[in-house]
Each structure stands twice: as structure tokens, then as C-alpha cells.
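To start, the structure itself, in C-alpha cells.
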Amino acid sequence: MLNLETQIGSLTLKNPIMPASGTFSEELAQVFDLELIGAHVTKTITRQKRSGNPTPRVCEVRGSMLNSIGIPSKGVEAFKTHVIPFYRQYDAPLIVSISADTADEFAWLCEEISVPGVDAVEVNISCPNIEEDGKAFAMRPSTTEAVIRKLRSATDLPLWAKLTPNTGETIDVAKSAEAAGADALVVSNTLLAMAIDITTRRPKLGNLMGGLSGPAFKPIALRMAYQCAKSVTIPVIGCGGISTVEDVVEYLIAGATAVQVGTATFIEPQIMVRMVDQLEAYLNAQGLTDIRQLIGSVEDGEASDGLVFMEAAP
Amino acid sequence: MNSVTAQPSLRFDGIKPIHGDECTIKSNRPVNGEYRLMVLAASSKLLDCEPGQFFHLLCPVTGDLHPYLRRPMSIYGYYPDAGELHFLYKVTGEGTSALATLNPGDTLNVLGPLGRGFDILPRWTNLLLVARGVGLATLAPLALKARRLNRRLTAICSARSEDVLMSLDYFRSLDVDVIAVTDADGTSNVDHLRFIIERLIREDGIDAMYTCGSNRILNLLQAVGKTHDIPGQIALEQQMACGIGMCQCCVRAFTRNGAIVNERVCREGPVFDLQEAIGC
Amino acid sequence: MLNLETQIGSLTLKNPIMPASGTFSEELAQVFDLELIGAHVTKTITRQKRSGNPTPRVCEVRGSMLNSIGIPSKGVEAFKTHVIPFYRQYDAPLIVSISADTADEFAWLCEEISVPGVDAVEVNISCPNIEEDGKAFAMRPSTTEAVIRKLRSATDLPLWAKLTPNTGETIDVAKSAEAAGADALVVSNTLLAMAIDITTRRPKLGNLMGGLSGPAFKPIALRMAYQCAKSVTIPVIGCGGISTVEDVVEYLIAGATAVQVGTATFIEPQIMVRMVDQLEAYLNAQGLTDIRQLIGSVEDGEASDGLVFMEAAP
Amino acid sequence: MNSVTAQPSLRFDGIKPIHGDECTIKSNRPVNGEYRLMVLAASSKLLDCEPGQFFHLLCPVTGDLHPYLRRPMSIYGYYPDAGELHFLYKVTGEGTSALATLNPGDTLNVLGPLGRGFDILPRWTNLLLVARGVGLATLAPLALKARRLNRRLTAICSARSEDVLMSLDYFRSLDVDVIAVTDADGTSNVDHLRFIIERLIREDGIDAMYTCGSNRILNLLQAVGKTHDIPGQIALEQQMACGIGMCQCCVRAFTRNGAIVNERVCREGPVFDLQEAIGC
């Protein structure tokens, strides 16, 4: 008997494959049976309606993409009326991603969204905190800790903190989120990047800069997931550049308890459900019976003691 | 093993599944100096299409060409009987250059059919289609459907010059009244187009107008539509990532009830109401 | 008449193409005439002999590579005896990259290496500062400022500060380096990343983690080069993922005054000299006569005012 | 245009230029179940090689295979008269799998010749070569050179089984005394090898020993070499990025004068002194 089940705090997922926020929606039900993946994670919503960033909102870079979608949002009311009921048709847990410009509004929204049908709240703390000169909450341990504390007291649901790769303090941010009561870390959001069209000399994104995601981003996000898994005891959900079952396995070995698949779904919409199958096949082929035999099994030896905290690579 | 199936379990009402499939190339040839026609062998599930819908193509990575995202391409023709899917495309960059390298026997991964196609309402009997360049690719299947529904169709086909005017014979074979205009002849300017359209309205009457792309034509048809109270539809383009509605990168702005709304070209479109569309 | 000349402070380069530190050495003279490129930049040296990191020191990731060479160094004496004389055969300026674990040793080395034949000193401040819990100098504005001040008073040669992408404070670090007297910024060094061999479950690098370089890194380094060029008045030398002449042009448009080519030389050792040719051809084809017509010509419009300081991309 | 030339202006003494070139594949075929032989048409400048040197190959990107770095490959044969360069390789991962997809007429970008080859000192008349697996690829050109220099060569060729033993005929055609040993026969173990070598030393005398790769054989030859005071050389492998000495990723440790020194396999090697080498 193969066991793909994984545990994120109090939540049991039937397998470790789930979508990344912003790269998944109800429409994917036209492509495969959404019941087959470990969980459903919705696009970040905000309290109010927002229209998002100017177009072009995506561009291609070598073997990956940049996006600056922003957070177009129909607002929390529309979400509660239309989206939550849709996902209630499924047994797979529903994880709702939220964000806000201030810690108080964030907490308000968190409470507002803690309703039946929602199984966990993913807090996208990679967006600007207007009280701190526009730095994202997750850029610093102190602002991370402050916002997560407020969010923690706003809900009894499991709280997943989604980190940013744009900080130089990944490990301290991870520890702060844990200390403030996060139940899991999602590692990570996209990395700030840029591309310029040399013919028009204009930035390829309407918003000047945007987030790198996809295969090019994998070695960076994997490093972060590893660093976080070594530094906290709450589960780490790996996210960044996963596009093959080997990538899934690599993240699990690095210490991730589950993974989120983003950009790869744009290239191959069936990829998540295929990965579930392939992960089973992989376990079988390796003579393993349980994905827990993979999780955190990295053979990093003694090197890991000092080097986890390495921050530069000359 | 899990009994994972590719079958979606639809929990929307009235919405069809989207299929991803590897199709074999039957041919992939230049049609003229600018456009190429690609014919794929496609299974019948892929061919349950509407004119105006599109597929999202996974262009091959070859040598120096590394397209990453899929590329949206209108359905130029879908023939369930022959099991064929046709695309008419222009080579403009990395993805379409990679498409052009495909040979008969190679395979291409396609995703679709996607988006919302053209409507032909029951009361629309006299149809006008105004297209330029590759826009013809999008409008061609509409002609076939119009004929099947026994509607009368006039097509104004515009291009830089005679030699890149496509599909005329195809349209004529469907009994479409074809009016060809070109920049070279000086017949494609807005004033002349307006003159032609006004005459058609006067002489035959027009119940609906269809177009795609060009701003100039959009503005003209919006004006004509308003003046004569003729409804219309336009197929629009926008850069896409997912093609099925998840990423929200493909939005365009529309005017509706006096307000500006953003809609996803891949989902609410690519076909939109003519009067609501905003050029770019 | 085409002009490829570019000015880095008091130093004139006959063209804007030079190698990145650690990806260039005397041996390349067996491949092309080293006189043809804008400058010569040597591998970082330290005061003492050092042996570098354990092997494997490189691995491949999708379309790019990771390295953890470390800084194997024959020491400053051997460098002065063997390396500087070799490059004196050429007119192209010699830029010597140095590093140290403490600010004082760094300054000592900087003074020691300010000898005839050396035209500028590139200070690799992306390596650990053992006085600051091992954080690299360039991780923070304060440590950057402190070390650059010491280095500034140690030499009269032009001082190029090489930044790290592993910080969340790129712009502040850049400004600190400028304030402390750096003559140019090199943007940037490699980004910390990781890869695991799923068969052995061992990290693919002997050192556990390493630096990402090559095409995957380009959109990130380009973003940093752009941010720096917008924030300081000293020249910015773009570095990261440059492998085609279009990449060179993209960096120049973004505001770089010159560029460094690293990993691409491993794939195609003649690439730099080919880029010089292709850059001429590009200017010709565009009807331009001077690369200064490209530098900083990005059409970023008003967007740039607020957004340069954007730090996260949700 | 600048008069940029590909010509290096060498300012080292006695060091040859390194060439990068696109070569056309003449053939690329399996030799047995494990190894493939690739024959390239190469210009004469590429063929000024020494046995033991290698080329750095830019493997093609095709379909699912995306090798990025070059791959080092020993020269299995260089034939200036025929204008041919031969590589004997084993498909082990992404790069070599991509190499295996190349067909006659395709091109491959090669860089070299690189590194320091084997020495045959004037006083070395009786040579012994001990090789296993793909190591034979590296040692094969040494046999040709030994013959040209009129030295006597004995080759002990070791493999898992008879069917993956390569190059025996090739060696025999060069008048090499070939001794084949296999795991299958139980003849390839260290004790038996030592027995054979000791006999050769006793009967014919051996002036120098050459090997590559295998730790087991390295240890054996180091012991034999020390006992009988016979010098030797070994070709080593290490992961490489640049292949020409810039990146320092390919170092291995050696013992020299009692100390441990790091040397670059691509530059100071791939051929090293047998006694200085350290297994891994």
C-alpha cells in the first residue's frame, strides 16, 4: 500500500500536490477532476475590488516567465458568494489566499474569510505594507512577526504564511512567522525581475518589473525551502519552478511536506494530476511505500550545521 | 496506482471540457509570402468547436528557439469528418518561428478549444464580415457556419496588397460575396470602406457585423453600428499565459453601462460585443 | 564612425564588454586575442593562500549553472609575481578583484594590490564578514558603507564595488557604496541557490549551496542593474546571465555603462570578442553611432518614479 | 567593422591555440550495448592532438534534453590524414543522451584539443596500459603513438563481460599484446591483475604504466609502481565547466612532496603522475 498522504499541521492532504495561488481557478475543472489533487488554493483576494496592474502583465524570459498581474480582486463579498460554494463540491481542502496593505485590514479580512468551507488561510505577506515605507511584510522579521500575530488572533483556521524571496533574511523571517503562530510556511512567492524589449526600449511588463516564476526560479526557491525546513519545526510547503515529478521529489527530499505547482500548469494544465500519478510510480520504482520516507531525507551530513546559514556564494 | 484520469469532472453547468492532446502534423506550408497553413490530424473531441474559438499551442523548442509559454491561435478550420484542425498563422517571433519548423509527421501539443466564439442570433440573416490580414483566419470558420445556417454573408477582405489576400477562393466557394480591398489599390482606406458598407446597408440591409483586430476597422464599425443600430462582434487579441482563465494576464478594458470593466480575452472572449470594445 | 568607447569614472574602455571575475584567466589567450575586449578582470584573490570549497564545485540546473568554487587563491604575492606581469602585455585595463573576511584585512589587501599594472580594484563584498555574524558586507547598507570607506582610503585607484543579489536592500546598499566613495558598481554577483540529486539525495554541490549564474539569472540581475542605475550617479556595470549581444543591449538600455560576461564564456569561450563585433553590427543596423545612445535609454516613462523601489511582485 | 579575428594572440610560450569549431558528424553508432562511437569531420587545426587530451563538446538541446554546460570527452582517435576526430562514449545522462541523438550530417560544436596528454619519455621502451570500460577510449590513441615511436605495448583490458570489451581488435592491429580480463570470467580481480603484471615485469620488464579512472586499478598500480620503481601516468576525470582553466571547478587533490595540492584536471591534467594521484 502506497501512502501519499501528508500532514500540514491539523490538515491532512491526500497527496502533497496542490496549486500555487494565482495559477489556479475554477476553470481548471474543465481540464481534470479537481478532486484528485491534495488541496485547492485560490488567487489572493483583497477586501475591496481592485483592478490589478496595467498590461502587458506577463512576458517570457529564457525558459520561464515574469508576471505583474497585481491582485485584481472582485472583493471579499463576491468571493464568499461565488467562489467558496464552488469548492464546497469537493472534499479536497480549500485554502484561501488573502492580502492587504495594512496589518489591521489584513486581520479584518482574515476573520471575514474564516467561514465554513475554508480549511486554511494562506496569507500572502509578500505585498507592500504601506505603514512601513511600502516594504512587504515578509521582507523583515519584525514586520512579519507583527502581522502574523494579528492574523493569528483573527482566525482559528490554520494559517499559512507565504514568504518572499526578495529578502536577505529568509531564515529570520521564517522563524518570526513560526514564533508568531503560523501553522505552515509556503516558500515562496516570485522573485522581482525585469525584462526590456530592445526594439521599443520599453520594459516588457506594463508594471516595469514583475515576479520571476517557472523552472529558472527553482534552484532559488528550493534553497529557501531547504533553509526554512532546517530552521523551523512547522511544515514547509515548497513552491517555485516545479514542473516535473523529479522536482516534486527534490523539494520533498529538501524538507518540504507538500508542494505547490504554479507556472507549470500554464504550460501543461493537467500537470498536477499527472504528478500525483507519477509520484506513485516513483515511490513504487524506488521500493518506497510512504512519501514521508522522502520528506527531509536530504543527505546533507555535517555540512548542514554551519552552511544552512550561508548567505552569499562568491 | 491511483485511477487518475484525464477526464474532467465538470461541476459547471453547460460548459464543455477542455482537452490537451498531441496532434500529428499533416502539412505545414506557406500560403503566401507572409502566412502559413498548418493542418493537424485531430481527434473528434478536439473538434467540437465554435467559430471564433482558439487553441493554445505548445510550440516546439528547437535549436535557438526556446518558446516557453503556449501561443494562442484562432481556429482557421475544424473538420470533424476529415478529423482535421487548421491554423493559419504569420511568423512573427520565437513561437511562430518554431511552429514553422514542424514537418508532416511531427506532433504538436494543442489545448482547446478555448474561449467564447461568435454568435449568430436567429434573427441575424444578413451578415457582414470585415477582416484584415490574419484576422481572416479567425473569421473563416464563421463563413462556414453562416452557410450551414443559411445566412447571407458578405466579406470585405482587406490587405496590404493582392498577393497577401487570403482565403478569397475559400470564401467564394461558400457563396460568400467577397469584396477585396488593398492598400496598394488605395481601396482599403476608412472612407472607402465606409462607403462600401453604407452601400451594403442601403442595398441589402445588414443585421450583424463581425470583425477582428484592427483599430481602424473597429472604430469604423462602431460608428456605423451606432448610426444604423446594427449589432456586432469583434475578436480581440491579448498576450496570454494560461489561456483558460486562471492567470488574469489577458485582460482588456471594455465600456459597459458607462463604466470601464476588465475582461479576460481567453475566457469572456476572444469574441466581444463590438460597441463595448476599446481599441488599443 | 562607430564609437564603442565607454567611460567608467576616470577609466576609458575601448568597448563595454569585459569578463566577470572568476570566469576569466590567462588561459583564454589561447582562444582569442585578449586585447580585443574592453578590460580584463581577474578571479578574486585573498591575502593568504586558500584552497576553496570541496568538489563537486559546479552543477547544471535548467539552462544555467550553480557554483561553489569558493575563493581558492594562491595569495597576493603569487598574484603580483605571476599574474600582473602577464596582463601588462596588453593595453586593456586590468581590474583586480579582491576579498577578505574583515574590513581591515580587505583594506590591507587593497593597498597591497594598488601597484603599477593595476587599473582598478573590484572589491567583492559579497563574501562573509566574520565580524558581522558572517553576513556578507554587501548584505546591508551599514556594513557596505563601513568597508568601502576603509577601502577608499586604502587606494587611489578606481574602486568598483561588486554587489550581491542576496540582499533585500539593493538600492540602499548601492547608495551606501556610492556615498562611501566607490567609483562604480558591478551588479551583480551570483544568487544563492541549491540543487539535490534525487538518486543519492545529496546536494549536487559539495558545499551544499552555491551561486546561480547564467541565463536563468538574467532577469534578476537586470532588475538590480536597473534599480542601481536609477539610484546612484556612479556608473553601473551590468553582470548576470549575459549570453547574447541582445542581452548586452538590454543591460545598456537599462542603464549599465558596461557589462561583464561570466558563465557564457564557459559555453562559448569566444563569446566576448564575438559580442564586440555584433555590438558594432547592431549599432550599424539601428543607425546608431555611439553606444552612449543606448545607455540608460529605457522608455520607462512615469512608471519609474514610484516603481523603481518596488520590492516584491505578488 | 572591427577586424575581430578568432585568432588568439598567444603570449604564453610554447602553448598551442585552442579552437572552437562546428564539425559535421560522419557517423554516430553503437559499438556494443553500452558504448557509441562518434566520428566527426574535423579541420586539421583541431587535429594537432596528443593522446590523453580531450575535447569539450557542446551537446545539442533537443526535445526534453537540455544540457547546458559542455561535456568533456577524451580523444579516442585523431586522424589528420582522414580529417577525422573520434569519440567513444557511454550514454549516462542528459548530455551524452543528447549526443546520441546526432545523425550523420548534423553538426557538433567542439572545443579543443584541451589539457595535457600522456608522456612517452625516450627511455620508456616497454609500456603497460591497464584500462577498464570507457577508459579504453582515453588510452587508445596512446597505443597508436607508442607504435609510431616504436615502443612495445601491452594492454590489459578489463570489462564486466566479453561483450562490452572494446577496441581489442584495434589494439591488436597495432601489434599491441592484449590481455583481456572480465568480471564474468573472474579474471579481472585485483589479485589476478597483480599476478599478470608481476609476471610481465618479470618476463619482459616494464618501463612505464598508464591507466585511467578506476580506483582499484590506481591503487594496484601505485603499489606495483612503488615496489618495482616503475613510473606511471593516470588520466583522471572531474566535473568541468570551462574546460580550459578559468573556473577552478575541476580540481582534484594530489600528494606532492608530502603535501596535498589541488590541481585542475582540465589544465594540469587530465593526465597526472600515477603516484601523486589520490583515488576518490
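Order as written gives the chain letters A, B, C and D; numbering starts at 1 within each chain.
Going forward, a residue touches a chain if its C-beta (ideal position, glycine included) is under 8 Å from a C-beta of that chain, and two chains touch if they have at least 3 such contacts.
No experiment lies behind these values; they were computed from the predicted model shown.
Each step here moves to a touching chain, and the least such steps from subunit B to subunit C number 2.
Note on chain placement: the centre of subunit A and the centre of subunit B lie 36 Å apart, centres being C-alpha means.
The mean-CA centres of subunit B and subunit D are about 59 angstrom from one another, to the nearest whole unit. We define each chain's centre as the mean of its Cα atoms; on that basis subunit A and subunit D are separated by 48 Å. Residues of subunit D found to touch two or more other chains are absent. For subunit A, residues that reach two or more other chains under the stated contact definition are 22, 61-64, 67. If each chain is drawn as a node and touching chains are joined, the picture is one closed loop, every chain linked to exactly two others.
Per the contact rule defined earlier, chains pair up in contact as A-B, A-C, B-D, C-D.
Residues 60-63 of subunit D are the ones touching subunit B in the complex.
Contact residues of subunit C toward subunit D in the complex are 22-36, 43, 51-52, 55-65, 67, 69, 72, 86, 89, 214, 263, 265-270, 273-274, 276-277, 280-281. Across the complex, subunit A is touched by residues 1-2, 4-12, 15-18, 20, 58, 66-70, 94, 111, 238-252, 262, 267 of subunit B.
Every residue of subunit A that touches subunit C in the complex is listed here, in rising order: 22, 44, 61-64, 66-68, 70-71, 99, 124, 126-128, 134-136, 138-140, 164, 166-169, 189-196, 198, 200-203, 206-212, 215-220, 222-223, 226, 246, 249-250, 253-254, 297-300, 303-304, 307-314.
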